[in-house]
Amino acid sequence: MTEPLPLLDVHDLTVEFATRRGIVRAVEQVNLTVARGETVGIVGESGSGKSVTSYAVMRILDRAGRIADGAITFSGVDVRHASESAMRDLRGREMSMIFQNPRAALNPIRKVGHQIEDVLLQHVQAAPSDAREKAIAMLDQVRIARPEERYHAYPFELSGGMCQRVVIALALACRPQLLIADEPTTGLDVTTQKAVMELVVELTRERGMSTILITHDLGLAAAYCDRVVVMQKGRVLETARSTEIFKVPEHPYTRKLMRATPRIGVTLRDLLPPDAVLPDSKPAAAAAREADEPLLVVDDLIKDYPRNAMSRTLASLFRRRDIAEDAAFRAVDGISFGVKRGESVGLVGESGCGKSTTSMMVMRLLDKTAGTITFDGQDIGAVPARDFARSPLRGRIQMVFQDPTDSLNPRFTAARAIADPILRLGTARGARAVRARCEELAHQVGLPGELLDRFPHQLSGGQKARVGIARAIALGPELLVLDEPTAALDVSVQAIVLNLLQDLKTALGMSYLFVSHDLNVVRLLCDRVIVMRAGKIVEQGSTTQVLNAPQSDYTRELLTAIPHPPI
Amino acid sequence: MLQTIGRRLLTVIPTLIGVIVVTFLLTRVLPGDPAVYFAGPAATPQSIEEIRKKLGFDRPLPEQFVYYVSDLAKGNLGNSLSTGQSVVEEVATRLPASAELTLFGLFVAMVIAVPLGILAAVKQGSIIDHACRVIATLGVSLPVFFTGLLLVYVFYFLLGWAPAPIGRLDIFYSTPDRVTGFYLIDSLLAGDVETFRAALAQLILPVVTLAIFSIAPIARMTRAAMLSALSSEFVRTARASGLSPYRVVITYAFRNAMLPVITTFGMVFSFLLGANVLVEKVFAWPGIGSYAVEALIASDYAPVQGFVLTMAILYVMLNLAIDLLYGVIDPRVRLEG
Amino acid sequence: MNQAVSPEKVAPAAEIAAAAIAAATVQAETKAASPAPQPSIFHHARYVIGENPVTGLAFAIFLLIVICAVFGPWIVPYDPLASNEATLAPPSAIHWFGTDQLGRDILSRVIVATRLDLAIAVASVALVFLLGGVSGVAAGFFGGWIDRLVGRLADTIMAFPLFVLAMGIVAALGNSVTNIVLATAIINFPLYARVARAEANTRRNAGYVLAARLSGNTEMRILLAQILPNVMPIMVVQMSLTMGYAILNAAGLSFIGLGVRPPTAEWGIMVAEGAAFMVSGEWWIAFFPGAALVLAVFCFNLLGDGLRDIVDPQRRT
């Protein structure tokens, strides 16, 4: 019995880009097939070439890119040599694509209904007379409530999840045979993520479509794909059925990726390669004494953001009392929690829940509206944010930021960035002593000494993250607030950094307040978990209790939304 | 929609107040005795005293300001020393001449610059792209008065194609009956094709001068805005949906690119209104620019003040119109503002 | 400021071991991802000039202009103010640029005028850079009343067509070169202040600024040590572009009789003097000073574009 011809056959594909530094091969000798009705996942870290491959299939590469070698056959058509007008017919009608960042993917000044109509009319799937009806029908199919109203909406009036649904509607309007989804859920909340993926799965299955799911998230790929293709640095390393690839990964890189993915039932150490050297984690002598005493106490903390003063003034001028009195947006609504010495507390929630605002207030970078923040018995909430830099307590509370690039001054070398707190608040005096301390810190975080004199744009993401961590621990803080410190990192680098953070915590006797949206990471690193939603604390308790036996429905919802790889 | 217009009009008021205050201050900061300046170089001490009392220079400053504003409200901008005429009348008579020139020049510039910018962006790296960039850089480097003079030399003196740069109409023709003050329109309205052609012939060189001046910033901004729009994510979606090149470039990219281009028009108008003065001098154009220049040379201050105030108010209104146009195109401003 | 907790609290064994894991696993990272150390700014500048010969040309013209400005009076063939009988002589071997209606050598006048025009432009740009740059950065970084004040000031100036405002200012303050400089500085203030404000504002809550606050830096220190060095390059690019505009502005004002008076040699006034003769065929009187204007402004614009490429390649036009 011969297998039917695949819908998409990519053979020995090589894509080159012309850059200022010469020709760069983004994709090299890639082989990939997608059968009808099949869902194939392309998994890889940043720079793996997974997106470029799909752009080549659709032939929407950048001006600087070109297909240098190989063949792409879609439904019998030679994509590489097809004319541009033939490709235009294929795009949108036979194969279509949905992208990351859905709001940016929509025309901001055109009604979403019209955008769907454009696609329908272009591919003659509707006549001008019934285009509107069909567009509304599409909106209905992607589960947008009140589609006749939403037809007239502009993208800025819709939420991120709804924008993604519109993009899906655009992609599926002409009933294509192949859907390419390029990181469609990155940047969305985990509950929205689940809703979007389920919608995609349902619609594609209904229509017998094939799908290519491009993602860096192994769990996502495993949960939703039939076969998985693993790519690294422009090459395909392994292709297998998703059940096999997780049980018996063959390629060492795949194994490394698998291992590094945070999931249930593993410890931090399990994320690392087996040949890693393990330290004996003897906690700092001083810390052992003081453990279990409250270090940070937050009581009934409130943060209000006043509405625009001008609009309130105008509103009262025009006697619009309803607007004038609707004074504020309450980002944090009376929360209370504590962090003990040596403890690691996770603060989780979806975007807009107030966790970042809370961490900024704890850091004293932002002023509270009401409530108290007590650190080591002292009321730090009473000190205004702009004066806190001069407080003797400043050096004892530090932060590791989310975006390693944004948190480093592009004009400072790594050494200068790390030295900044030492110069301002530290004890070392004189260039030599400061430099020695920088080298010591670099060593502690595993940053090779020769990188100290480099600028941020010359460092990789993981290296920049280390610089940020070295700077944060320079003054030996007791409380370290970490705001999604590994969110911008590849999963293998994340594994290393998480282990580093754990070891530093033990060695330096610090307490952590770990802000994250990723429950799997929190499970690995934190002793206790606090779940927030819409400015309030929904649940808090030990990690095992909250994540294994949650009390609140919301926590349960968050947990079930996480895609689980079949390991 | 009316609400948006109303709100925008409100924001114009503080600007107008600022303009009035500044123009007031401009005459009151004259070094020395302002009365001497307004009385003119040939004044006797008596007439200086008269002027001083008449124009209120002997009163305290705030009181002077009140008089100034009430005069403005009555439409009184003072009188010109050299002609003795009311400034308001002269400005009103001369305004259409400047307006005809400026609007025509802007129109020609737009018609050339916008398509040029679009093409340059769509065909990036091609000859058109390079030509556009050269034109843009060269265009902002040419002093407008120099361009005018060169054009006169080449097309009038050397080639004889253009008429002498002596104003709006050759002496052989009589000015058409004033309906709008725009010779082109008025001559057509009167059915006088000969005068229309003569007026057009006089207009060509100064309009081309102004157009050359304006093409550069418009083309540059259009090209930059188009490049940015064409590399945006929503254009990528449009391409991935297989939309036709026309739809992608015009409906998706250009409409979005228009927004920063429209904002640029504010700046272009600022330059144009200034360049207008210089061009009027070169071509002896009887507009308000040359009125002000003549007054300056004669140390006649009331017309200069009136000129600055008029131009400023005009400009404020133009900016308002641009803002409103922007609001029409960009729903985000409309619905959130 | 002494910290409360000393770093000697560290348990040496755990620290070393932690570093060992981290270092061992970072080896591969380092080999894979670290680019070579960046070449110095000179190498980069040479690369950009080499890649774009037009920038090199602009630089050469710039040097020529500076030489004329500095050494002008000593390298001219004739006294720029001396008239002789050879009036309205077309360009020839003895008078390369011809002579004007008073018999003055135009080449000499054009060269000598370089100094005045350049001086006016440099003075105005320096003035506006200081005033506009400082107030803009302060407005963008501190916000609040400074922002409102600078904004009001900028808006009031921008409410006028700029050249018209310059005319009004020079008319009000008196017809002198100083006042041209002042007027040019005033009309360029809004643009500078806006650019500076935007740059400072974008960076005001950048990650590294927050980190600097955490390190105990005061707001003023952050402004000077962290924000300013990042804002400067863009301001310098803006300066070069404004030089061209300042020259045009000064020439325009001179053309209509403001500021410079005869017999001073200045490009704008020379074009004005030659304008009448242009119509009757003696083109050289207005042409050469005008061409000098074009060359100077063109040069500064190209330099500005080239500088922008060096400083911020992502913003190429």
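Letters A, B and C name the chains as they come in the text, with residue numbers starting at 1 for each one.
Everything that follows uses one rule, which is that contacts are C-beta pairs under 8 Å (C-beta built on N, C-alpha and C of every residue); 3 or more make two chains touch, one makes a residue touch a chain.
Just so we're clear, the structure is a prediction, and the values are computed from it rather than from any experiment.
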Review point. Taking contacts as defined above, which has more of them, B-C or A-B?
Key: B-C
Check your understanding: Looking at mean CA positions, which chain is nearest the middle of everything shown?
Key -> C
Check your understanding: Whole-Å distance, chain A centre to chain C centre, using C-alpha means?
Key -> 42
Study note, to complete from the structure: When centres are defined as mean Cα positions, the distance from chain B to chain C in whole Å is 26
**Study point:** Between chain A and chain B, centroid-to-centroid distance (C-alpha), Å
**Key:** 50
**Study point:** Residue ranges of chain B in contact with chain C within the complex
**Key:** 15, 18-19, 22-23, 26-27, 29-31, 133, 137-138, 140-146, 149-150, 152-153, 156-157, 164-165, 220, 223-224, 269-275, 277-278, 281-282, 292-293, 296-297, 301, 304-305, 307-308, 311-312, 315-316
Study note, to complete from the structure: chain C residues touching chain A in their complex are 1-7, 9-11, 13-26, 29-30, 32-35, 37-38, 206-208, 210-219, 226, 229-230
Practice item. Spell out the part of chain A that touches chain B in their complex, as residue ranges. Key: 58, 60, 63, 87-93, 96-97, 99, 101, 104-110, 118-119, 122-123, 154, 156-157, 167, 170-171
Exercise for review: Note which residues of chain A are touching chain C in the complex, please.
Suggested key: 272-273, 276-287, 363, 365, 386, 388-390, 392-396, 398-399, 401-403, 405-412, 417, 420-421, 423-427, 437, 443-448, 451, 453-455, 458-460, 462-463, 466, 468, 471, 474-478, 493, 496, 499-500, 503-504, 506-509
**Study point:** Touching residues on chain C, where the partner in the complex is chain B
**Key:** 152, 155-156, 158-169, 171-174, 244, 248, 251-252, 255-258, 268, 271-272, 274-275, 278-281, 283, 286-287, 290, 293-294, 297-298, 301-302, 305, 317
